[in-house]
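Right after this note come the structures.
The following pair of complexes shares a single chain, subunit A, combined with subunit B in the former and subunit C in the latter.
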Partner chain A sequence: MTELAAQQFTVTRADLVRYAGASGDFNPIHWSERVATSVGLPGVIAHGMLTLALAARAVEEWAGGADRIVEFGAKFTKPVVVPDDDRGVVVEVTGSVSAEDDDRRTIAVKVTCEGVGVLGAMKAVVRA
Partner chain B sequence: MPIDATLVGRKFPPTAPYEVTQVKVREFAEAIGATPADGVVPPTFPIVVAFAAMNDFLAEVEADLFRIVHGEQRFAYERPVRIGDVLSATLVVDSLRQIGGNDILGTTSLITAADGSVVCRTKSTLIHRAEA
Partner chain C sequence: MTELSLIPDEVAARVGTEAARATGEVNRRDWQRWAVAVGDENPLWFDAEHARAHGYDDVICPPLYLQYAVLGVTPMSALRADGSSGAASGNLQFPDAPKRMAGGESTTFHLPAYHRDELTMVRVIDSIVEKHGRSGRFVLVTWRTTYTNQRDELVAEATTSMIARP
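Right, the complex of A and B next:
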């Protein structure tokens, strides 16, 4: 299997606010500690779609462009808890080519936050 | 309040047409930390339209957004989204399971262009958390 270059992304509370505005997802679990903890979450969590978008940036880089992505997606297995500080958290994306033929490559993607897997069963199919 | 199981198989009306503009794509790209390149639309951008379909659905079932946690999202593209596309999402409820008082909803949204052609299909699993 070909390993792809790991990529890291920092996520802060400000990023969550910006993503909420840009995506239209104003679910308060992504900006209110009070609401997040009231539904049993450990704290304010990143939008799963923000984490997936960061993983997609890594896939785009590996694939040589967003328009080469045919399929991709993941399960949101563990929340990315984003502290109320200026440092934020780091999300790391690693990948390896798990299958390849003449026109398609399948990339198995792993996404971790502070060493813990946060996306599951993530794969991307890209045009070779 | 558990979600009504008779919703499985139901197809919701298409969302209001959504025009993909350069300004919106740039805003979205910047929000995910990407360098906005001319004409390139991030692959997760269709979530903006799919999310509108989900909001219509949540309003219909009277579920609170803050009780929803995203479980899974997958995209399969017929073609990349382009600036100038006028997109609409049609949501179908595929499945509903109850686990530990939580509702696990499976949906598929078909994202179509103004001429009715399919741009992408996106599958979503949503977890509606039980009231404590």
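Right, the complex of A and C next:
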């Protein structure tokens, strides 16, 4: 298992608004504290696909190219709660190579936020 | 005492059927806006010369953006009570489990997509099951989705899931 360099990404409320606009996903759990808490969430949460996209950035970096990702996916296990302040929250992406052959590398990816795993069963297959 | 299922019979009967089909044009400015939103400013998405130097005909669409290229605009009046759009999920109704969250997403990428490619998404309902988790009962819906381009070439395949809670 080769460990890959951990990468950190900061997510703020402004990022969520920007992602909502760019993706067309306007579910209010991603921008309204009132709606988010009313459905039992601890607060406004990041779009799962935004967190996944941040993990993809880390994998692109490890793979040495944005177009090397062949297969990519995860379960959204815990929400990334984004506070209403200017600092936001930090998402950390770590990875290790779990399998490798001549043309494919499989990377087991862990994505945590304040020490808690937020994406589960995450795996990326990249062109070697 | 048997609890009533959270899954209405008419919804359960839709497993294996097509939930949604949509066609959309891949648009450079839209994917670039998305790439900026996730902080992914890779030159393959932005710089045609760089992309050509890496063997492509032009700038390419970030793979994780593909699903957004085919999602249409949901009119405000058609949004669900929680504000989300049901368009891509086939508008499955779970009256006893109205709180929805994305479950997961896994995609295999086969071919690059270019500006003005016409993508067709076909989404089939793979399974609908009721589960019991630490926070109680929920419905897990899984879809299988294919994305093909205007030449009928398979661009990507995805498995997507959603959780609906009471």
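Annotations for the structure displayed:
The rule is short, and it goes like this: the second predicted complex is superposed on the first by the 128 of 128 C-alpha atoms of A that agree within 3 Å, B and C clash if a C-alpha of one lies under 4 Å from a C-alpha of the other, contacts with A are read in each partner's own complex, and residues count from 1 in each chain.
The rule we apply is simple: contacts are C-beta pairs under 8 Å (C-beta built on N, C-alpha and C of every residue); 3 or more make two chains touch, one makes a residue touch a chain.
Because the structure is a prediction, the values reported are computed rather than measured.
Placing subunit B and subunit C on a common subunit A by superposition gives a clash between them. After overlaying the two complexes on the shared chain, residue contacts for A:109 are found with neither subunit B nor subunit C.
Of the two partner chains, subunit B and subunit C are each touched by A:48.
The intersection of subunit A residues touching subunit B with those touching subunit C, taken from the two complexes, comprises 9, 15, 18-19, 21-29, 35, 39-40, 47-50, 52-54, 56-57, 60, 65-67, 69-76, 79. Listing the residues of subunit A that touch subunit B in their complex gives 9, 15, 18-19, 21-29, 35, 38-41, 47-50, 52-54, 56-57, 59-60, 65-67, 69-76, 79. Those residues of subunit A whose C-beta lies close enough to touch subunit C in the complex are 9, 15, 18-19, 21-29, 35, 39-40, 47-50, 52-54, 56-57, 60, 65-67, 69-76, 79, 120-121. Chain contact summary for the complex, subunit C toward subunit A: residues 30, 33-34, 36-40, 42, 44-45, 54, 56, 60, 62-64, 68, 71, 73-74, 79, 82-85, 99, 101-109, 112, 158-159, 161, 165. Those residues of subunit B that touch subunit A in the shared complex are 24, 27-28, 30-34, 40-44, 47-48, 51-52, 65-77, 80, 122-123, 125, 129, 132.
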